[in-house]
Amino acid sequence: MADSDPTPELDDDAMRRFPVPDFADLPEDLQERITEETERAGFTPNVFSAFGYKPSHFRAFFAYHDALVDDSALDREEVEMIVVAVSGVNHCYYCNVAHGALVRIYARDPALADQLVANYRTADVSEKRMAMLDVAVKLTESPTEVTEEDIALLEAAGYSEEAIWDIAAVTAFFNLSNRMAMFADMRPNDEFHTLGREKRE
Amino acid sequence: MADSDPTPELDDDAMRRFPVPDFADLPEDLQERITEETERAGFTPNVFSAFGYKPSHFRAFFAYHDALVDDSALDREEVEMIVVAVSGVNHCYYCNVAHGALVRIYARDPALADQLVANYRTADVSEKRMAMLDVAVKLTESPTEVTEEDIALLEAAGYSEEAIWDIAAVTAFFNLSNRMAMFADMRPNDEFHTLGREKRE
Amino acid sequence: MADSDPTPELDDDAMRRFPVPDFADLPEDLQERITEETERAGFTPNVFSAFGYKPSHFRAFFAYHDALVDDSALDREEVEMIVVAVSGVNHCYYCNVAHGALVRIYARDPALADQLVANYRTADVSEKRMAMLDVAVKLTESPTEVTEEDIALLEAAGYSEEAIWDIAAVTAFFNLSNRMAMFADMRPNDEFHTLGREKRE
Amino acid sequence: MADSDPTPELDDDAMRRFPVPDFADLPEDLQERITEETERAGFTPNVFSAFGYKPSHFRAFFAYHDALVDDSALDREEVEMIVVAVSGVNHCYYCNVAHGALVRIYARDPALADQLVANYRTADVSEKRMAMLDVAVKLTESPTEVTEEDIALLEAAGYSEEAIWDIAAVTAFFNLSNRMAMFADMRPNDEFHTLGREKRE
Amino acid sequence: MADSDPTPELDDDAMRRFPVPDFADLPEDLQERITEETERAGFTPNVFSAFGYKPSHFRAFFAYHDALVDDSALDREEVEMIVVAVSGVNHCYYCNVAHGALVRIYARDPALADQLVANYRTADVSEKRMAMLDVAVKLTESPTEVTEEDIALLEAAGYSEEAIWDIAAVTAFFNLSNRMAMFADMRPNDEFHTLGREKRE
Amino acid sequence: MADSDPTPELDDDAMRRFPVPDFADLPEDLQERITEETERAGFTPNVFSAFGYKPSHFRAFFAYHDALVDDSALDREEVEMIVVAVSGVNHCYYCNVAHGALVRIYARDPALADQLVANYRTADVSEKRMAMLDVAVKLTESPTEVTEEDIALLEAAGYSEEAIWDIAAVTAFFNLSNRMAMFADMRPNDEFHTLGREKRE
C-alpha cells in the first residue's frame, strides 16, 4: 500500500453473498489488522474484507489462523502445502488461489500450487511431506477412516508428536475456512493468481 | 464441582492418540477456564482436557466457540441442532455425545439428539429449522453444490442475513471440531451419555 | 406390562407413513406375539406395531429375525453389535435407538451403542469383534468389494465357518430392516432411548 | 427334472465361499421344497443349494420371499423389475442373472433385464413403473434421502398404499438377498443366462 | 447381410436423443465402412448408425477404436474384457450388451459378460487378467488414486510396458464411448443380447 | 521455436511412467505434426511428446481432438471451458494446466481457468454457458443420471442440436484424455502455468 493512501478500500466483490463493509465502519482493532495486512501484501486480501462482515468472527478466525502459523512444529511451507491440498479436494476457489500464491512463495516452486490443487499425489515433494498430505487429505475426505496407523505413518515419516497434532489442526481449520469461503462465495484478489509464478533459481 | 475439590483432574482417557496434560502444568488462563467449566458442568468436559495439549490452540478453539455462541443471531438451541446434525453426518463420536446432551437440554427434548445423530430428516423440528439443517448438512457434505438458492431458501424460511452467516459459521466450525476430535480420538465423558434424557413436561 | 392391562395398545406414532393397525384387528397369531413381546419388554416395541400393517410380512420378518437370534454361532451381544454398526452407517433412527438399547443391555456397556452408532472404529471391543464389525460394515457399504480375504480375516480372528455365515446373515437382514424402518419412518419407543444407560460394575 | 431322476443334485459350484450340502443330508422339508422347485424349473436354482448350508435360514429366507410374491399388491412382473433394478445397482451377479431370467419371462420382454441391470432409466417401461423403480433404487442407494415426497410420487403414479409398502418390502428384501449372494459368492445356473431371451410376439 | 440386400438400413431406434441419418445421405467413406461392418456381423451395429449423425466424429471414433484393436499388445479377448468391466461400472446399456456379445465370442465363454457387467471380481479369469481388470476399473472410478504401484502390479502380473499402456488406452477410450452412448441413449441391436450364449466345448 | 533450431527436443519429463521417445526416432508424420505444434506454441506441448510413445495412438488421439475443435457448433472458448471444468472434477494435473492456459487465452480472462478448476459454479460465465458446464460435469461424474431433461435444458439455454452433441463429445473425449494423462503421469510444460495470466482490456 502506498504511503499516500493510508486507508485501505475493501473490494465490494470480495464476497458475493453478503455485503462487504466499509473500512471506515469497522472497529478499530479490525482496521489496524487490515491496515497491517494491506501494507504487508500491497493489497487487502479479500478474506479480511469478507470477515469484516462480523467483527467477532473476524477476531476469532484470524486469531486461530495466527496460532496455527505462529506456534507450529511445521514449517510455513508445510502449512501452506496442507492448506492447498485440502482446498483442492474441497474445491474452494478462494483458498486454492490465495494459498496457492503462498505455497508458491514459501516453497519457492512456481508449479507446486497447481499440482496440489489438481491432485496432491502429483506434487514434487519429499516422501515425508507426501505422508503428511496423505493424512491431511484422508482427514478431510474420510475422517471416520483415520486410525492409529495414520499416526504411526506420520511418526515413521519423521514427524514429532506435536507436528502430527499440527497437521491435523491445519487440516481441520481449513475445513472450516473452505466452507466459509465457499458459502459466502469469496473471490480471490487478482494479485493472488500470479504471485510467485516466476521461476526461482 | 464440589467446593471441597477445587482442583479439576483431567481424565487420561479424554483422548487416546495424544497425552492429556496434568492440570497443574497448564498455563493459568487455561486453569481458570477449565475450573469455570468444571464448576458449571459438575465435571470437566474432555474437550478441555484434550485441547490442553497445546495451549495456543486451546485459546483459539474456545475463543472461536465462544464467539459463535455469544454473538449469534441464532438461539442456542439452533446452534446445538446444527452441531449435532453436522457431527452425525461426519460420524464424530465425541461431538455426537457431548453436544447431544446439550441439544437435549437446550431444546428440552430427550429424543432430539438421537434423531439428529441418525438422520436429521427424522428430527421433530419446525420447517424453519429443517431448512437450516438442510443447508448445514449440505455445506458439510457437498460444499461445492451450495448456491444462491440455498441462501434464498433460508431467507424464505425466515432467517435474517446475519443468521444465515451464523448457520454457515457454526457448520464450518464443527467441521473443524469434528476432525480434531476424530483425529485425536477424543472420548466423551460418561455424564454426557445420560444428561437431559429425562422427559420434560 | 402390568397384569391389569392385558391388551397392548399400539402407538399411532409407531410409524408415520403408513397407518398403524388396532391391536384388536390383528390376526390371532400376531396378537399373541405382540402380547408376549409386550410382557417381556414392559411396552410394545414399535416395530411390532408397524409390521402389523401387513400380517404376512410381520410373520416373515420376525421369523427371519428369530432364526438369526435363536440359531446362531454368534452370541447375542455380537449380533446386536453388528445391528447397531450397520444401522449407524445406514443412518436408521429406529434401529440405532431400539437396538442401541439391546447392545447396551447384552454387552453390559452403557457407552457402546453411542460408539457403534457414531463410528464402529471407536468402539471399545476386542480385536476379534472389531474384525467382525469391519466385515459387516464393508458388506453394508460396498458389497462388491468383499472378497475371500475378508473371509480369511474373520477366520484368522477366530470365527468358525458358521459364525462367518451368521455375520453376513445378520448384516444382510438389517440392511432389509433399516430400509423398512426408514421407508415407513418408524419411531423408537421413548423407553429405548434410556434403557441400559446405567453404569454396570 | 425328468421323472427318472427324482433326487436333485446340488451343484458344488452353487456358491464358492461355503460348502454346498448334499441333498441327502438336508432336512425333509428342505428336500421337499427343493424337489418342487427343481420340478418346476427343470433344474435346481443355486440359491436353494446355497441356503441349504443353514436350514433355519433357508426356511426364513424362502418364507419371506414367498410372502413378498404371494401376498402382493404388485404384479409379479413389477416385483421382478424391482429385483433386477436393485440388484443392478448393488452389482449382484447371482441376482442379476437369475432374476434377469424371471423378468424376461414375466414381462415377456427379452431386452428388459439387460436394461435394468445396466441402468433402470433406460428400461422400456411405463411412467408408472419408472416411478416405482426410481423409489426402489433411491431406497437402495440413499435411504436417508427418502421422504414423504417419494411416497407422494408413487401415489401420484397410481400405486395404492399397500403397493407402496410392497415396493419398499421387495427392495428391502433384495438388499438382504444381494448381500447374502455376494458374500457367499453364489453363482447362477447356466440356464438362467439364456432363459426368456427368445423374442415374443 | 444377404447379397440380395446391398443397402444397409439404419435403425431409427439406434439412439433416442438425436436423429439417425439415412444411409443414403451419408458420405461415401461412411457408407463403405457401414457396409463392411454389416456384411461381417449380419446386421448394422447401432453404434455405426448413431455416429453417422456427425461424420467427422464417426471417422475419429472408429479410427481410434481400430488403432486400439489392431495395434495392441493385448489379445482381443483382453480388450473386450476391459471394455465390459469398464462399461459395467459406468452402467452403459449399449456397451454392456454389444461388447458383452464380443467378450462371449472372443473368450468362448457364455457367462463371462454377465460376470463382468455385474462385478468383474466374480469373473472366471486368470489372476493375470484380474490384475488387468483391477487397474482398468480403478482408472475408471478413481483415476486420482492410480499410482506407480498399479503399474508395478501389472508388471508383476506379466504385462509388458506396451501392454500396460494399452490397458490404460482401452479403458480411457471406453470412458469416452460409454459417455457418448449414454448421452445419446444408444440402444443395442437385438442380436447382441443373444450372440455367443451357446455353450462351447 | 527459433528458426535456428528446427529439431524439437522432447522433454524426458513429459510423462513419468513411460519413456518419452527421441524426436529423431518418430515416424515422419509425427515429426511433422510436432514441428508444426512447436512452431505455433514456441515450445513442444508435452502431450505430443508423451503420445509419441505409441504412434498409432498419437494419430488417433490428435485426429479425434482435431475433429472436435475443427468441426464444432461450439466456439473454441466453449470447448476449452468444458475441457477445464471436466479436468477439474477428474483432478487431472496436465489438463488443468495446459487447457487452463488455453481457456485463459481464448476467453481472454486471466481468472477463468482457476475458477473452472476449483468449481465451475464459481466461474464468471453467462447462464447459457453455465448450463453447458452443468451438463458436461454431470456427464462426467454421474452419466447414469443424464436424462432427456438435460437435453431440454441445453435447448432452452439456446444450444442447437448439433451443439448439444458436441458438448457431449468434448466431455467424453476429455474423460479419455484425463485418464491417459493421469495414468502416464503427464506433466505440463512450465509455459502453460503462466500463459494468458496478464489482464486483458
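Some points to look at:
The letters A, B, C, D, E and F name the chains in turn, as written, and every chain counts its residues from 1.
The rule is simple: contacts are C-beta pairs under 8 Å (C-beta built on N, C-alpha and C of every residue); 3 or more make two chains touch, one makes a residue touch a chain.
Not measured: the values here are computed from a predicted model.
Listed by label, the chains that touch subunit C and also subunit E are A, D. Contact with both subunit A and subunit B is made by C, F. Set side by side, B-F and E-F show the greater C-beta contact count at E-F. The rotation relating subunit A to subunit E, fitted on Cα atoms, comes to 120°, given as a multiple of 5. Repeated interface, listed pairs A-E, C-E or A-B, reference C-D: A-B, with more than half of the contact pairs matching by residue number. The pairing of subunit B with subunit C is characterised as same-residue: of all residue numbers used at this interface, over half are used by both copies.
Averaged Cα coordinates give subunit A a centre that lies 52 Å from the centre of subunit D. Centre-to-centre separation of subunit B and subunit D, using mean CA positions: 45 Å.
Taken residue by residue, subunit F touches two or more other chains at 91-92, 119, 144, 182, whereas all remaining positions touch fewer. Per the contact rule defined earlier, chains pair up in contact as A-B, A-C, A-E, A-F, B-C, B-D, B-F, C-D, C-E, D-E, D-F, E-F. Subunit C makes touch with subunit B in their complex at residues 88, 91-93, 96-97, 100, 110-111, 114-115, 117-119, 122, 182, 185, 187-188, 190, 193-194, 197, 199.
Within the complex formed with subunit D, the subunit C residues making contact are 17-18, 53-54, 56-57, 59-61, 63-64, 66-68, 70-71, 90-92, 139-140, 143-144, 146, 148, 151, 161-162, 165, 168-169, 171-173, 175-180, 182-184. Of all the residues in subunit E, the ones that touch subunit A in their complex are 144-145, 147. Of all the residues in subunit C, the ones that touch subunit A in their complex are 119, 121.
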